[in-house]
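Everything below concerns the one structure shown next.
First chain written, first letter: the chains are A, B, C and D, and each begins at residue 1.
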Amino acid sequence: SSNGNGHAQRKSCWYEEEIEENLRWCFALNSILHTGATQYQDIQLLDTKPFGKALVIDGKLQSAEIDEFIYHESLVHPALLHHVNPKSIFIMGGGEGSTARELLRHRTVEKVVMCDIDQEVVDFCKSYLVVNREAFRDPRLDLVINDARAELERREELYDVIIGDLADPIEGGPCYQLYTKSFYEFTIKPRLNEGGIFVTQAGPAGVFSHTEVFSCIYNTLRQVFKYVVPYSAHIPSYADIWGWIMASDSPIDLSSEELDLRMKQRIKGENRYLDGQTFTSASTLSKAVRKSLEYETHVYTEGNARFIYGHGSAHKQNQA
Amino acid sequence: SSNGNGHAQRKSCWYEEEIEENLRWCFALNSILHTGATQYQDIQLLDTKPFGKALVIDGKLQSAEIDEFIYHESLVHPALLHHVNPKSIFIMGGGEGSTARELLRHRTVEKVVMCDIDQEVVDFCKSYLVVNREAFRDPRLDLVINDARAELERREELYDVIIGDLADPIEGGPCYQLYTKSFYEFTIKPRLNEGGIFVTQAGPAGVFSHTEVFSCIYNTLRQVFKYVVPYSAHIPSYADIWGWIMASDSPIDLSSEELDLRMKQRIKGENRYLDGQTFTSASTLSKAVRKSLEYETHVYTEGNARFIYGHGSAHKQNQA
Amino acid sequence: SSNGNGHAQRKSCWYEEEIEENLRWCFALNSILHTGATQYQDIQLLDTKPFGKALVIDGKLQSAEIDEFIYHESLVHPALLHHVNPKSIFIMGGGEGSTARELLRHRTVEKVVMCDIDQEVVDFCKSYLVVNREAFRDPRLDLVINDARAELERREELYDVIIGDLADPIEGGPCYQLYTKSFYEFTIKPRLNEGGIFVTQAGPAGVFSHTEVFSCIYNTLRQVFKYVVPYSAHIPSYADIWGWIMASDSPIDLSSEELDLRMKQRIKGENRYLDGQTFTSASTLSKAVRKSLEYETHVYTEGNARFIYGHGSAHKQNQA
Amino acid sequence: SSNGNGHAQRKSCWYEEEIEENLRWCFALNSILHTGATQYQDIQLLDTKPFGKALVIDGKLQSAEIDEFIYHESLVHPALLHHVNPKSIFIMGGGEGSTARELLRHRTVEKVVMCDIDQEVVDFCKSYLVVNREAFRDPRLDLVINDARAELERREELYDVIIGDLADPIEGGPCYQLYTKSFYEFTIKPRLNEGGIFVTQAGPAGVFSHTEVFSCIYNTLRQVFKYVVPYSAHIPSYADIWGWIMASDSPIDLSSEELDLRMKQRIKGENRYLDGQTFTSASTLSKAVRKSLEYETHVYTEGNARFIYGHGSAHKQNQA
């Protein structure tokens, strides 16, 4: 067929997401690989033209084949590199497997507990996301299906790094409780070894969008930990800057060169996104975001979330 | 998952067609069943929420599962019912198989030649369109892969009804030649038996859209045949009224009651769309369309199409 | 600027309507002439490329410049022509002014009461819809701002024709009550003169969409009136067939020729859409719709609508 | 009207841009303030819900009210601050007026020549963009309507800073010539005073998109200047990271603190986006972009652009 025809056909099917009220982001589609619903969420795997295979949960893009490395390298490596010798890791969420994949590249890592609430999503990702297959089979990975809070409270062992790879703390959303001051203080912190580091994804961190949750998570964490380091990166498929925050009671400050050295020593293969300079840039926030974080006063507490209990037993099941 | 989530998900994937410049028609998608390109055209089979499975050729919706019966009953039955005893039929195009399916419901029909240029589309429809499988296996069907004009000129036998189930006569498009006065006069008419009827799909027939091709096809046919009957019906998935035209040198005029009687006598099973009154309504055009047909002066001729030859050998292959 | 550029620009702004769940209809925009909210509804006047100026109320296209004549000629003329000598008319709703415009073309008409609940919409249409200005100034027009039911009950005079130009009877919607059996029986019918005719718009009437409200309005009216005549027409800007229903205790049956004759005698200027044959076609429904109307059993009653009262005082104000 | 209705209405009109093939970015619209065509380009001023007033040229978003400060502060301040004492400035393009506005905030600046080819765009922005009115009236501004290259070649005076605020160097596009090595070498460089700095917008600079033009402009500039500093920032309304490049034969290296100090001394009012740390982050590129710039080999030359001449006289007029 002619180019003209091919062109027309290429653009007839679209994935469309309302990133926020009044703002849409649309990808031309090659195909819809899977559509289904688990006990907790709706799930789609799409083959998109601009970003490759895309995992969509509850109508929101979670991760796209061509740029998920930016998100997952940023989530995992800064915390592990800043730690002296990270051996045991706990992932809250992470069912997609990419967080585990990046963790398991670290030679120091001996044990990774990945705790996701949704068996079906995990099974789905295991079978569809070829790039994470090896990680799912790694003997160091201990996959647990449970509510992350309950699991952390149940276990007595401590971890060198705890990683929050959960949905954003939307009020009434499934994960709100896992972003509160009391959760950080009474559940996370007691489960960290001396020198341990907690890191969490922290939502959009753009010049306007950082006030949605990024600045509040930052402010909540600095109520609980002595050292808190926010950083961010642009994820093309999200059409925004994304944020992460590390927190610890031990200092988190390595030079760009020290980070590069540790990467070479500890990580198998080469990072595609993160190196020392990238982290320097990522953790040097722009003026507007920096000021806003500095002056943020909101703290996530159980109190704020109290109304959630009104939803009854459902909310517990919905924790990722 | 909650209804809210389900709702969001249901609407994230869309098929979008520009029906005309400045006008779009969009269907939510369940899945993209097939995307491919044949020698002649691009082809997609989509599973749409509002209209079921939809066949899209070169970026244009051809036929949708839930309402193709309107198109195909309207194309086939009026001509066959107005004929005294239709035994042999020739279909130009029709690779989808639905036209043959409707024809083969007629007890009088002994032979159907279906001549489509695109082997791959025919194979595709054979395997995907379950509703037409029986028709494709009917021993009365003689499927030929060829250019319809060449095939009609090659054959010496005559037909009771010839059916044009082709793309619209867009200038430069693949089918223009099969709508010209000389084609009707020197190819179609000589291949009709005494009392034979020619019927063709004739493009959009809405109060504004009928001037695109419907009125010109009508005017061209009345240069060649003594009796010409235009009629139309609304096809929901096309977002428009569609038109067909019958032409013959014998009178085409049965009452609503006579049509109903012949339907009962000749057609296996019951029509979903067409009966006598429906045809009465369909063939009584609204004022604007009627006047416009009456005063139409344009005639499709080879002369008009001469410039097409400039495209070289391609145009011949592109006939459907 | 180049054509290429112009082309890109022409298509960058779009009006988008979800005609039904999973089905979108989009018009390229020239401009947004007005956006506002009255006491009762949101209102927009758009300048669209395919359909000219378009009035949108509560996110639903009401009427488009280039094809509103189809709707308004179909709503008004059949009832007035079938009446022996229509002098006094009552319009429920109709604030746009187009219904009055068509009525006032009839030489027999001496008085038109137009009763719309929304002063601001009426004022808006008066000032923006140039084509209806003359009608708004016609001394035979008596414009009343009130709830149509209250107004009809308050008045003692009788009418030759009563016209329902209201929103569809969606449960919980503002107009449900004005489509019930008891409203027809105890409010409409007693306000009709001997030989009087009631006509109402009756929602979508397509081969699938007629089951939404068209068949139920038909069935409700035939509980109350001896003669009930449904008819329909395709409105391009609605992307569907639309329906209207006439009802009377006197027979409604004129031939196509008689209608044409009365049009010539009574109507100033020439209709663009409706003539005798058009009405013959419009009132001859296709098989599926005809059967469905015949077998419809649902009747709109106050009982069905009782729950509406739960919404409290709001519902009364919301009647158009 | 109810919230529900209001909600529906708010989303019915959309601006839609294909950022790249297969990728769309859509803003809900309040209104279309202006649509027109100048001698050189199509122009629209839209009032969008997510980004305020938006200037669209030839179907591409140029600048949006709520985040144009990021682009214009990034384009202007780094170059002026790194210069010892910037008095005279030449802007190629910049008809919108925002670049001049930022320049004129510098107390050192005595003269700004702004050279845009399109009188009508300049007039349009003068009258519509309230935020730039003061700049257009500043006596230090010398507004010239001409092709930027011709103007620079015609003038004999030298400048402390030359700013390129032009469309991207797309082959066949209007501005290609203003990004070539020979233009930099024989037109720009000879017009810079000792210690002078050239800065240009340099297209998308995202982890994937930087290979379109950013890396080539960088590589072309480093053929001509001793010191070349690329930097970038996320512009929400562009849905991407954007890049700029400074070039000089004098060193460009101030610490974050020195930049902050100069800002305080030289700039009236406070920057919203840029400060010392922001520039540190902006000019520390992420690994992938850094490597790609380092290894880039493509140089824009007249040779590459030679075929453009084939378009005849048109191309010259089309320079912005």
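Odds and ends about this structure:
Methods note: contacts are C-beta pairs under 8 Å (C-beta built on N, C-alpha and C of every residue); 3 or more make two chains touch, one makes a residue touch a chain.
Computed from a prediction, not measured in an experiment: that's the story for all the values here.
Steps from subunit A to subunit C, minimised over paths through touching chains, total 2. Rounded to a whole number, the gap between the C-alpha centres of subunit A and subunit B is 53 angstrom. With centres taken as mean Cα positions, subunit D sits 34 Å from subunit A. Rounded to a whole number, the gap between the C-alpha centres of subunit B and subunit D is 54 angstrom. Along subunit B, residues 11, 14 each make contact with two or more other chains.
Shown here, the protein chains touch around one cycle, each chain meeting exactly two partners. Per the contact rule defined earlier, chains pair up in contact as A-B, A-D, B-C, C-D. Residues 10-11, 14, 20-28, 48-50, 66-67, 70, 206-209, 233-234, 236, 239-241, 271-275, 277-278, 280-282, 284-288, 290 of subunit C are the ones that touch subunit B when the two sit in their complex. Here subunit C touches subunit D in the complex through residues 1, 5-6, 8-9, 11-17, 29-32, 35, 37-38, 40-42, 44, 46, 56, 58-59, going by the rule given at the top.
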